[in-house]
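A, B, C, D and E are the chain letters, set down in written order, and residue numbers restart from 1 in every chain.
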Amino acid sequence: MLPLTVGLTHYVVLSALLFAIGLFGVLSKRNAVAVLICIELMLNAVNINLIAFSKYITPTLFIGQLFAVFVITVAAAEVGVGLAIIIAIYRNRLSVNLDDFDWLKW
Amino acid sequence: MVEFALYNAWLVPLLPALAFLAIIFLTRPWPMLSALVAVGGIVASFVVSALVAYGVFTNPEFLEKPLVYAVRWFSMPGLNVDVGIQVDPVSAMMIFMVTMVASLIFIYAIGYMKGDPGFSVFFSYVSLFAASMLLLALSSNLVEMFVAWELVGLCSYLLIGFYSYKISAREAAKKAFITCRVADFGLLLGLLALQIVFGTLNLVELSDKVAHYEKYTTFGVLTLIAVLVFIGPIGKSGQFPLHVWLPDAMEGPTPVSALIHAATMVVAGVYLVARTVFIFAKVPAAMELVAVVGAFTALFAATIAVTQREIKRILAYSTVSQIGYMMLGLGVGSMTAGLFHMWTHAFFKALMFLAAGSVLHALHHKADIWEMGGLIRKMPVTGWTFVVGGLAIAGIPPFAGFWSKDEILVAALESGHYVLFVMAAFTAFLTAFYMWRLIFLTFFGEENPANHPHESPPVMTVPLVILAFLSAVGGLVGTPWAPVWSQWIFFEHPHHVEPNYWVMIGSVVLAAAGIYLAYQLYVVDKAKVKVKELAERYRHIYTILYNKYYIDEIYLWFNHTIIDGAAKLIYLFDIYIIDGVIVNGLAYLTGLSGESLRVLNTGRLQNYALVFFLGVLALVVLLAFTGPSSASLTLGGVK
Amino acid sequence: MNVNLSLLAPELFISALGLAVLILGLIVPKDSRHGLGWLTVFGLLLGMGITMAGWENQGTLYGGLFVVDQYAVFFKLTFLVAAFLVVLGSMRYVDMMGDQSEYYSMILFATLGMMVLASAGDFMTLYLGLELMTIAFIVLVCFRRNDVKSVEAGIKYLLLAGVSSAVLLYGLSLVYGLTGTVVIGEVGRALTARPVPALILGLAMLLAGLGFKVSAVPFHMWTPDVYEGAPTPVTAFLAVGSKAASFAVLLRVFIGALPAVWAHWAMLVAVLAAVTIIVGNLVAIPQTNIKRLLAYSSIAQAGYILVGLITATGPGIKAVMFYAFLYVFATVGAFTVVTQYYSVTGSDEIKDYAGLSQRSPLMAAVMVICMLSMAGIPPLAGFVGKFYLFKTIINDYLWLAFIGLIMSMVSVYYYLKVALVMYRDEPADPAPIQLSAPVALTLLIAMIVTIVLGVYPGPLSEATNVAAQSFWR
Amino acid sequence: MDNGLWLSLAFYLLAATILGSAFLVVLLRNIVHSVLWLAVCFVSLAGLYLTLDADFLAAIQVLIYAGAVCIMVVFGIMLIQRADMKQTNLFNKQTKAAAGVVALVLAVTGYLSAVTQWGNAKTPVPKETVGSLAELMLTKYVIPFEVAAILLLVALVGAIIIAKEVKG
Amino acid sequence: MENFPVLLTILLSPVVAAIIMAFIPREEHLLIKCVAATGTFISMALSLYVFFAYDQSLGGLQFVQRIPWISDLGVTFYLGVDGISLPMLLLTNLLGFSAVFSSWNVNHRPRDFFILFMLLVTGVMGTFVAQDLFIFLLFYEVVVIPIYILVIIWGSTKRVTKEYAGMKLTIYLLIGSAFLLVGVIALFMKTTAIQGAPDMSFEGLARAARYLSEFDQKWLFALMLFGFGSLLSMWPFHSWSPDGYAGAPTAVSMIHAGVLKKIGGYGLIRIALYILPAGAKFWAPVIAFLGVCGVAYAALAALAQKDLKYIVGYSSVSHMGYVLLAVASLNVIGVNGAVANMFAHGIMAALFFSTIGFIYEKTHTRWIPDLGGLARQVPRIAVAFMLAALASLGLPGLISFVPEFTIFIAAFKVYGGLAVVAIAGIIITALYALRAGANTLFGPPRPEFNHLRDIRGPEMVPLVVLGTVLVVGGLFPFLLFDVINSGVVPLMSQIGGALKIGGAF
């Protein structure tokens, strides 16, 4: 099979790439909201994995897809709570810059 | 009665011990009562001792087989230690002598210590002292003897330091104890070796086993044991080089000096050697050692005594010298002679100490003989009794010292120790000289107008008189013509000495010469010009002698520089290296690593995420590159 | 499909209780919301009863998706006890904070999440249980939303938990991809001893994701910050409940699903445990804030519990359960003291604990005893727990036993520094601290259980033995 | 094969879009722009799901992610960023270190995923995805489903509690 | 009386006292002290009863109590006394009772003080009556924490702060016990593997440990040696000891130096030697060497001290060197001597610390250059001090002579020259003990101490109790040795095969 022909490996590698991009965002962005959405990118990378495995490994069982549904649900809930916290912290600190949030340390 | 005493000889040490307890716990607030208890205790003990002595010396069976009764003190497999009483002529003689002298001293002390705030305590201490000494004399077991030996040391410590508020007394007491400790270290090693080699420390069993020591050990080991055992007496009996404590021990009250120096503690060493003579007898080298140490000490101490100025100090060096004589007697193979000298010495030395005490009492503790003079006019009893003592120690017949000294000299000569004989003879001359120097300076010549002496009360003088009597006649039990002493006190077989007239005459001549010389220098020459001239001419020798060969200084230097220096060094090592560097260092490192790791928690959550993924990477790498095999090799892990 | 719902009774009860508390909060007037705390307390007691009643009632639901074995039941009991003690000891604190109904329902839902976790038989249930617990905790952590520290802790926890969930999920997805199943038991059967590369990755990610939850070094960095910032009762519950639940699932996953590659991860866990023990204890030494100190100490405790995982055997599981259980009492006891003291003085600084022994001997005693139990000083429970833990690894990982036990003695150093302040120093304000009955009760329970478990651990040991054996049934 | 070719083409196209938009999400300095590109990314992900025969998932992706989540995020941003939006999404100080770590993580994950011999069932996915999922959710996976429901409730209540204005 | 749980009563009596005290108002100082005294008195009286009721001809464990405790660890709550533990139990209670009276003048938070002290006493007792290793361990460290708190509140700061001293004491001993614990766990696992079933009792462990490989015996013994050794202040792991004692309040110093330390020696004999004889044989020369080092080193270090408590602190290190040397001789006489010496040193050190405590309480100094001539002003203190000092230097007639004598016999036989160094320690000991006594008690009295009140009333109790034991034990050593011997002989005969060292001489 030509490597160009798309197979499971392609999806898995794509997932890894997306995961890495999301991770880079998480590690390097100052804005809390940006970090939050980068986490969403990482979760989506996982979803690619899950759905790809669902198709290639257990096509008839839908486990992966179901898993992905739950992941999306949880992710949405997390974003909701996350934004609420960001709003709360903004209210306290007038900033969403994560570098400022180091009162708790050592 | 006699039978009862023989079989209950344990009463002898017990009675003074009870007196001690009674005084400490009951009668301490009432001084006179305490004194009565103490005197009562020791006199009762004397009565029992006398009965025991009577029983022993009327029954020759005791020569063959000592009477021993013992109880178990403690035991375990391989180690049985009894405490018991061994009654035989030697111990009977000893307890008789000790109780007799001690009784007199106790009575004397009533007068001497009058008004002292520690009166009761003093009597309790001396009672304990007497008890310990008597236990030592009667011990049937070397451990028991060692116990008594140390208790005697303790009492001497307490009594020397009796005036504990005086720094000199405090230091002297400490010095006495520690010097003896050094010696006891040797003795203890010897006892341990005996126990290990022969499996017993009971005197009777031990003497049987040592007789056939080849079955148990080698000659070399036995020699070593004998030498070790002898180290104890060197210390306790003030032999060179551990004699240093003895002169300092004069810090105690004078009756104590008498008790320590005359009858009891110092002769304990002689007694111990006599008790273990069966070991020494097997080891000629050890015997030689005893003899040489004795002779050397005798001469050595006598030379020091010549230059001393304090009355009790001269007596102290004289004691050292006289005990050297006893050791010489034992060392040349005559237990009879050694113990005989111990016996006579007890009387005349106790006499002299008590008399000296009487003098000091009268002069309010002014001790320098050069500041005395002519005391005999004001204190006739004290003076004349002292003269009797002087004659006895100088060896003028028929006083006690003559007979015993003569016997030692003869024994040395007969056994072929010519050098030692000469040394002993010269010592006899010196003894006569320095003792009469003391007598002349103190009691004769011109009175010192600064002094206002008065005779002591009868409670003090009566014991002096009794002791003077004993010093005069005490030697008659062992004259060459009627050798009662040597029939009873001997090792293996009676040591019968043929009267050696040359030695007798020689020693009398030497003694007379010494007295004459002293007379010339200190009485005839009123201004003491010659003495000063001599001292000036032989300045160096005089200084060395006056400073007691600087031995004290050497010890002091050793103690303060070497021992304390090492102590300081070790202490510094302990707090700076062991504790500082290692213990606190480790603790500091722990804290430091905590501090430094703590800084990693910067408070920035993205740092945390970064560390998180570094962790993930580390896990992956560990997993990928450490399979089960390699991991288990490196960290000892997976089965 | 025939479903034995009685197996689900505890979960159903707790969710009902949570909903009831939530709804009652809307009905009940503000002043009497205090009663919700009591409702929660008694509800939790009842929940414990229900759970206990199911001790013998074992089984699985939905083809292994939901496992109710004694292992799970034991852990559920542990969570319920923890929740019970936390609520009992913090009612006054919660009244000060306000929003009682939301608070208690969050606690209950977090407990529910833990219970689901303990029973999770597949990755999806596991994930949802975990997230339920996590999100409830996130809310709880920033419950004091006008307190900067609380909210900061909240955002840290949220974002880092999100990242760790992503990593965990990634790992789960890889395992799923390799085995074609998400049911733990089936995964265990499907895997072979030779790991393919993706399994190594998955293994590492699972360990990291769950390591985050149990706060194993180096995935622990959030712990001190969040513990410090969160409301103290929440910290307590986070430290015991969340950690215990995560351990429950860690064991389930690693021993249930990954025994085939045990040889690969055992060493990893050992190293992780060692590093966790060392770092946790060392960094605790210089701490000056009591909550932070306890946070680092709880990190170290996680290291100790990890020791039980290494051998993947019954005794190891038993040791983990035993330790998790006793750890609940020690930790809740200590944190209840902190809570109570904060309500009185408004400070969490160790230096402000001066003279506590005179102001309230009970609080000081409980603090010392609980801390020393964590340090593993006999005759307190922690010692027995450590004994069980290290006995499993002593033959093969002697070095770890040395590290663990020596560091536990080092830990005494910082615990005693707290004792020093409490006992030696004179209080700034000598007025005695009045303890309300529930708080006193909590403290007494914590203290007595900690001592009794140390002196007479027999019954608990039996129970955990049984529970550990049920793991493979 | 024909179908496969199209699929491949679609995959590469979508993958390029996904990665490109994800990059932009991370790299852009304006947070609003980032969110917009995020939406693009999510939509293309939905497309990718279609290539994986997951039509229901694709729908959800669009609805929840591209729709709800993105809108929510924008609302959130609007609530907190009232001033200029230009420099709202900057990099922090550890960017270089982060890049290094990410590169390593990517290398490790990518490499380990790529070299793995993944299975391939070669069975077509049944068409009836929605129905199958629905049935699974309400039967076998009812517990996670219910838990998810409670989770959403918790998130809801929590978000309200947290975001609620503090009185006084 | 047959089935009356004597040991349990002894053990619980102080605990009950502590609980009672917890409910007494904190101002009722006298009542609190009386309760403490009663609690310890009951224990002391009962342990005296046990001591004399113990049937020596029967030997072995008596007054046994066994309750199954933890089945999967093979733990039984197993109490009992034999000839080795009995003296230690008695010692603990004698000291506990005396220490209450040494602390009679504690008026700063006395309730806390005595509660902690009761716990301390209980913990120490427990280690001596436990016949199960696990139960032993439970008691082993009970004591650590009360001690720490006692030190930091009621201690005194001199060269080092009391906080430092307390912490060092605690952490040092705990780290030692960590090694011990590793050894115990490993031993447990290995013996369980051998027997097939867990058994934590000393006998059970010893039975199974016979089949351990020599290597296992060696390293397990090494761990135990370190653990027990550091508790026994074995050189060079001793540095906690002087500082700790110096910082601690009187009662703690008494108990710590008097009995707590002895747990180390007791454990070494009753556990390490009993269970791992082959290991003991391997390490014996090392133990002997360290013991001798300790004797000489600490004696010299004591000589350099000017603080009374430091002198006694170093002195106790030195004395424990003798115990180590005795244990290392691995024969009946040595072990007898070791146990007896622990007893003797316990009494003597406690009396020493008690006396120093009184001196400090009255003069507010322990610095020798600031003291002097006290014998005139406070004669009873002087008597107590001298008794302790003389016992310390091993004066015959006091309790410590015979133990030292037996130790010397055993050690001299086995180690020859090495033992001579240790025996030479008696000289240095005499030097520092007498120097301390002379410089404190004798010499010119200082006017500033003229007003001092001598000890009287309750303060006399330590002197009377401990002094009596000191003298009676010295005069009648068989009282002590017969009991000890009845425990040592069976122990040594059980491990005799493993030791294969020539029997009695």
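Throughout what follows, a contact is a pair of C-beta atoms (placed from the backbone, for glycine too) under 8 Å apart; a residue touches a chain by one contact, two chains touch by 3 or more.
Predicted, not measured: the structure shown is a model, and the values here were computed from it.
Asker: Chains in contact with chain B and with chain E: which ones?
Answerer: Output, common partners of chain B and chain E: C.
Asker: Could you find the chain whose CA centre sits the greatest distance from that of chain B?
Answerer: Ranked by distance of C-alpha centres from chain B, the top chain is D.
Asker: Which chain wins if you rank chains by how close their C-alpha centre is to the centre of all protein C-alpha atoms?
Answerer: The most central chain here turns out to be E.
Asker: Just the chain pair, please, that has the highest number of C-beta contacts.
Answerer: Looking across every pairing, the one with the most contacts is A-D.
Asker: Just curious, how far off is chain D from chain C if you go by their C-alpha centres, in Å?
Answerer: 31
Asker: Distance-wise, how many Å sit between the C-alpha centres of chain C and chain E, to the nearest whole number?
Answerer: Chain C and chain E have C-alpha centres separated by 41 Å.
Asker: What whole-Å value do you get for the distance between chain D and chain E if each is reduced to the mean of its CA atoms?
Answerer: Using C-alpha averages as centres, the distance is 70 Å.
Asker: What is the distance, in whole Å, between the centres of chain B and chain C, each centre taken as the mean of its C-alpha atoms?
Answerer: Their C-alpha centroids are separated by 75 Å.
Asker: Could you pull out the residues of chain A that touch at least 2 other chains?
Answerer: Expected reply: 8, 12, 15, 19, 22-23, 26-28, 35-36, 52, 57-58, 66, 70, 74, 77-78, 81, 85-86, 88, 98-99, 101, 103-106.
Asker: Multi-chain contacts only, two chains or more: what residues does chain D have there?
Answerer: Expected reply: 92, 94, 98, 101-102, 105, 108-109, 112-113, 116, 118-119, 121, 141, 144, 148, 151, 154-155, 158, 162, 166.
Asker: At least two partner chains per residue is the criterion; list those residues in chain C.
Answerer: Expected reply: 124, 127-128, 131, 135, 138-139, 142, 145-146, 151, 154-156, 159, 163, 170, 174, 177, 180, 197-198, 200-201, 224-225, 287, 398, 410, 413.
Asker: Where do chains touch, given as pairs?
Answerer: Those chain pairs which touch are A-B, A-C, A-D, B-C, B-D, B-E, C-D, C-E.
Asker: Name, in rising order, each residue of chain D that touches chain A in their complex.
Answerer: Counting only chain D, the residues touching chain A are 4, 7-8, 11-12, 15, 18-19, 22-23, 25-26, 31, 34-35, 38, 41-42, 45, 48-49, 51-54, 56-57, 60-61, 64-65, 68-69, 72-73, 75-77, 79-81, 88-95, 98-99, 101-103, 105-106, 109-110, 113-114, 116, 118-121, 123-126, 129, 132-133, 136-137, 141, 144, 148, 151-152, 154-156, 158-160, 162-163, 165-166.
Asker: Inside the complex, what are the residues of chain C that reach chain E?
Answerer: Those in contact with chain E are residues 357-358, 361, 368, 372, 377-379, 383-384, 387, 390-391, 394-395, 398, 401-402, 405-406, 408-410, 412-413, 416, 419-420, 423-424, 454-458, 461-462, 465.
Asker: Which stretch or stretches of chain C touch chain B in the complex?
Answerer: The touching residues are 155-156, 159-160, 163-164, 167, 195, 197, 200-201, 203-205, 207-208, 211-212, 217-219, 221-222, 224-225, 262-268, 270-272, 279, 282-287, 396-399, 410, 413.
Asker: Can you list the chain C residues touching chain A in their complex?
Answerer: Per the touch definition, chain C meets chain A at residues 123-124, 127-128, 131, 135, 138-139, 142, 145-146, 148-149, 151-156, 158-159, 162-163, 165-166, 169-170, 173-174, 176-177, 180-182, 198, 224-226, 228-229, 287, 292.
Asker: For chain B, which residues are in contact with chain C within the complex?
Answerer: Against chain C, chain B makes touches at 590-591, 593-595, 597-598, 600-601, 603, 605, 607-609, 611-612, 614-616, 618-620, 622-624, 626-628, 631-632, 635-639.
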